[in-house]
Amino acid sequence: MTITPTLKRDYLVKLAQEGKRADGRAFDEFRDINIETGVVLKAEGSAKVKIGNTQVLAGIKMDVGEPYPDTPDKGVMTTAAELIPLASPDFESGPPDQEAIELARVVDRGIRESNLIDVEKLCIEPNEKVWIVFIDIHILDYDGNLFDAASLAALAALMTTTVPAERHELGDNYPLPLSDPPVSVTSVKFNGTCVADPFLDEEEIAEARLTVAVDKNGDIRAMQKGLRGSFTREEITNIINVSSINGKKIREKLFKSVGK
Amino acid sequence: MTKENREIVIPSQLLGDIKQKKAGKGTFVENGKIYSEIIGVLSDNSKYINVIPLKGRYDPIEKDFVIGIVEEPLQSSWLVDINAAYPALLHVNEVPWDVDYGETKKFLNHGDSIMAKVLQVNREKKLQITLKDRNLYKIKGGFILNVEPSKVPRIIGRKGSMIALLKKYTSSRIFVGQNGRIWIDGTEEGIRKVINVVRMIENEALSYGLTNKVEELLKKDTKVVH
Amino acid sequence: MKQDIKLFVDGKRLDGRTPDELRKIKMEVGVLHRAEGSSYIEWGGNKILVAVYGPKEAIPRHTQNPLRAIVNAKYNMAAFSVDDRKRPGPDRRSREISKVISEALENVILVEKYPRAAIDVNIEILDAEAGTRVAGLTAAALALADAGIPMKDIPVACAAGKIEGQVVLDLGKEEDNYGDADLPIAISPRTGEILLLQMDGHLTREEFDKALGMAIDGCYKISEMQKKALVEKYQKLTEVE
């Protein structure tokens, strides 16, 4: 495990009290975001997202399979995340740990609850055959804020996914039908200060974390509070506002990068 | 002035013969020939062939000043991370305080930073450090920056010239550990200036005319450089 | 599997290559921020990322070797890197590949310099198209050099095989699936010693010699590219404005 020197925490806290962050950003400011799609040819859709030095790759694979018995006319969507040891000296190989599972499930919820993928349109033959969408998130370089980078990568990948109908003799390939994407914005709190898009040092001293997924109308589609600290109601309201503002900017960037 | 590039050599590159030169740091000998074992800068002087590493963890040398981060207080010692391949041991006999058995936590705890000196590196690479020197102590305040250990000589500069420039223009206190950790204390602006300049030196460590470039950068109006 | 797929059309391979031609290869060194050493390679349709961490004390302690460092190469395929999505996590094939790559790397890394330590080499296959293990090892060599790990040579790997009775270099996707033999190897280019060798299929003694010779020649060509990629990355530091 890499150790963070205590004085680093003291320094970040001291700066925060002066209204500053170690990398010069405002409390509600994001690092540079870079989105690249179509990076993995084997995948039906893929995207690589960089937020600052954090890099995440998402790949979409689709296959034909049986629907769940309680939803016989709906397609299936499943999300997995891997915190591969490549990305950080603190990630260990092996089955996904709690961090990876939480990450996958939060990204999944944002997408599912916004009905981004119309699962009814993924039905081929009710009770028999439906499309299964596999969303796989691969962390490549960890410098804080995996939730937002992973979510954005999954969205960009889905928005450039082609349903491989030809391979399964189900007609011509066509773009995966989607509705409006929710954008996720994460903030952390340390020593009473809340900052958006934490980089690694800030994440290491974070006491509490809140991820908010917002749709195009500013409505909330998913939320997740993490870590052992707590938030006041006021802090939560502020974070939602920050998420809304940043969400709008990130949404524009997302649409631009997928060519829409 | 003609620019000579400093020669970069890579692992397995043939550098010379033991009949003519001695194999120095960063090299290995096979069948009487000297080869580079790392990617680095060739330093071929009259007696030795050395390769100066460009990357890699800190390789501890006795008497080096280092900045350590305490990993774990043990019963009569502490395990300290000094950015080497192994943690270093700091024994209670090597600190300026009177520490009773089992009381180590009272003095240094997980996450504390210290200015220390490398006491001993034995053959099995077991490392020992000491705090017994009037220049050594537990660090309070400031910020620690991590750099490639191989770049430290450049950051210090010839006879400390580079560090002197940094201190002068930023009014910061700066201590450079040989192990690639730099402690900076001062105003937030001063600290940020130092970080920017150090990063620049890291990226251009091998260029000529670097000291002048650094001085120019420091002299410029440095209102919050991101 | 013999299908009615033709692997040679008008004397050329499906992707237009001659029998002794390599696919297109691109290499980059130092591509990740967190890793101590890293590299990225595109080889045909393969896209592979490698990160190196270490040397650092091996944990758990019982894995430590008091005389030298242990090299843990981990080969892993991303779920989306293949035609049919692969369940995440190491399967038996990945673990075997990890082992043979670790052993090849241990030969050239100067492991005696780091007793009780571990060197982790993480090889991630992001996009797969036959020959991932040789591409992975080739990239791993660059990442190790980038991490400053002392080595007595920069290992390089390449594969040869047999399709429709003919020995060819660097099998592509269909050739790997429908061909008659596959021979991935790795060498230490300075000495020519073979560090990794696996074979499956059917080769006569002559065909084997021919395939091995072809793979070795391929290795030397790729070795030049590795050296160029390394020098280019670091030469930039010495160039003054």
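Note that the chains take the letters A, B and C in the order they are written out, and that residue 1 is the start of every chain.
By definition in this document, contacts are C-beta pairs under 8 Å (C-beta built on N, C-alpha and C of every residue); 3 or more make two chains touch, one makes a residue touch a chain.
In this text the structure is predicted, and so the values were computed from the model without any measurement.
Trainee: If you connect every pair of chains that touch, what shape comes out? Choose line, ring, star, complete or other.
Mentor: Contact map by chain: complete.
Trainee: Is the number of contacting C-beta pairs greater for B-C or for A-B?
Mentor: Result: the pair with more contacts is B-C.
Trainee: Determine the centre-to-centre distance between chain B and chain C, using the mean Cα coordinates as centres, and give it in whole Å.
Mentor: Roughly 34 Å separates the two chain centres.
Trainee: Roughly how far is chain A from chain B, centre to centre by C-alpha average, rounded to an integer in Å?
Mentor: Inter-chain centre distance comes to 38 Å.
Trainee: Please list all residues of chain C that touch 2 or more other chains.
Mentor: Expected reply: 56.
Trainee: If we count contacts the way the header does, which residues on chain C are in touch with chain B in the complex?
Mentor: Its residues touching chain B are 36-37, 54-57, 66, 110, 114-117, 145-154, 189-190, 227, 230-231, 234-235, 237-241.
Trainee: How about chain B: which of its residues touch chain C in the complex?
Mentor: Residue list for chain B touching chain C: 3, 5-6, 8, 10-12, 26, 28, 30, 35, 37-39, 41, 53-57, 85-87, 124-125, 150, 203-209.
Trainee: Which residues, counting only chain C, touch chain A once they are in their complex?
Mentor: Checking each residue of chain C against chain A gives 32-35, 45, 47, 49-51, 53, 56, 74, 76, 78-85, 88-90, 120, 122, 124, 126-129.
Trainee: State the interface residues of chain A toward chain B in the complex, per the touch definition above.
Mentor: 3-11, 15, 18, 20, 22-24
Trainee: Residue numbers of chain A touching chain C in their complex, please.
Mentor: Within the complex, chain A contacts chain C at residues 39-43, 46, 53, 55, 57, 59-61, 63, 80, 82, 84-89, 93, 95-96, 134, 136, 138, 140-143.
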